[in-house]
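Right after this note come the structures.
Same chain, two partners: chain A is paired with chain B first, then with chain C.
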Partner chain A sequence: MKTSKKKHILIVNQSAPYSSSNAKESLDIALAAGAFEQSVAILFIGDGCYQLLSNQSPKQTHSKNISQMLKVLPVYGIDKLYVDEQSLSNRNIEQLDENLTLTKVSQHEIQALYKEATTVFRF
Partner chain B sequence: MILHTLNKTQSDTELNQQLLIACSSNDSVLLIEDGLYQVLAPQLFSDKKHWSSKTGNVYALLEDAKARGIDFNKLDPKLEHIKFICYEEFVALAAEHNNTVSWY
Partner chain C sequence: MIFSILVLGAPFNSQSAYSAFRFTQAALASGQTIYRVFFYQEGIHNSSSLATPPQDEFDLYQAWQDLKEQYQLDFVTCIAAAARRGLLNESEAKRHNKSASNIASQFDLAGLGQLVEASAMSDQVITFGH
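Moving on, here comes the complex of A and B:
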């Protein structure tokens, strides 16, 4: 049997967590790709940074807590989480959820992420 | 006297600009859903090109702040005038105004 080449998947999150299903759907793709042992990197940029705030409690709005779900990604072998530092400073976000292991990246590094990827999904 | 409800972040520049044009000084703006994220950026509220330069009557829906991890006790002092309200107060606010306009 031919072994298929491992894909390098980049998932770009540019949407805030609860007003659309984008954040949830990007997680579904990440977890599915992780289950098939593909290499997955996730980049949070623009309003996607708002997914990383601590103390989210969407109970009243009947949504699942996105930051809680992000926390389990390393269990599925997804530990490459990046956040655009420019997007954070534009939005005055200083404190991120400390349970998440995130790497802050510059615009130059973001370019490299796109270059490395064999497949890119934007949400 | 209009109640404007805004449910988008500052990233939706065209929408925010249209609200700037439409808003009068005796109108009120209520931030709901993703509109809440604007309170994390206090510099917006001293920007003449931001809708907040038109009115100081700014409200924000408390439940939506909680859902998004926005702590209204830790806001910039410049934003003290923003009143956080519950759903019942939202209803009262809508009744107080002649009209409601949704910005989405």
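Moving on, here comes the complex of A and C:
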């Protein structure tokens, strides 16, 4: 039997925050991976960028605030948060939640993220 | 090669659950190792013990259970994803004070740590769904 080794997990988040359970349920994987001391990076791409907007008020639809939950990730050792700059400009998103520490990445840098990853979970 | 399989789709909703089954079956038939099959999001519905497809249709639920028995596989259904969608085993039903349970005995209920552990123990994690 092979022994366990540390993996580079990339979680690709391409879903809008409240249109499905993807945002919440992919966050749960990130937290579990962080708890197991795996290396975790999260990439927000496509409609996943909408998770990063400030002033989300999902209370009216009885949802939990996704950007609030994203803020706690560094506490769990997950501080590699990336966002596709092309997706942002396609959607005219200029202002992201300033409480989140995000790195904007180009298509080229996204390729590098995929290359570095040993496991990719896409939501 | 050591594979783990992540199933995110429910039977009938898309082809992903059936494709996951076929891939797992083919990998085992060709001598590969399946470390774990993990059922998450809508994929948890594959572990229902009550689903009863028409008799002239392929029964994917039964097929998973048979595959598990044949190869002594490790099937894990995410406990939180299952509970929020109404799938409970006996002890969970008791714990949540519900009147019935509906998860087939071939599926263990556990947390996402089992998915992370599977990824650490496998060469490849193959996702079916989305």
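Rule of thumb we're sticking to: the second predicted complex is superposed on the first by the 120 of 123 C-alpha atoms of A that agree within 3 Å, B and C clash if a C-alpha of one lies under 4 Å from a C-alpha of the other, contacts with A are read in each partner's own complex, and residues count from 1 in each chain.
Simple rule for what comes next: contacts are C-beta pairs under 8 Å (C-beta built on N, C-alpha and C of every residue); 3 or more make two chains touch, one makes a residue touch a chain.
These numbers come from a predicted model, not from an experiment.
On the superposed chain A, the two partners chain B and chain C both fit, without a clash. In the superposition on chain A, contact of A:Glu25 is made with chain C only, not with chain B. With both structures placed on the common chain, the touch criterion links A:Lys7 to chain C but leaves chain B unconnected. Shared-chain residue A:Ser54: touches chain B; no touch with chain C.
By the document's definition of touching, neither partner reaches A:Pro74: not chain B, not chain C. Our summary of the superposed model lists a minimum C-alpha distance of 15 Å between chain B and chain C.
Within the complex formed with chain B, the residues of chain A that make contact are 16-19, 46-47, 50, 53-61, 63, 67, 90-93, 97. Residue ranges on chain A touching chain C, taken from their complex, read 2, 4-7, 9, 21-22, 25, 28-29, 31-33, 35-36, 38, 118-123. By the touch criterion stated above, chain B contacts chain A in their complex at residues 7, 9, 11, 33-34, 37, 40-43, 63-64, 66-71. Those residues of chain C that touch chain A in the complex are listed here as 2, 6, 40-41, 80-81, 111-113, 115-117, 119-121, 123, 125, 127, 130.
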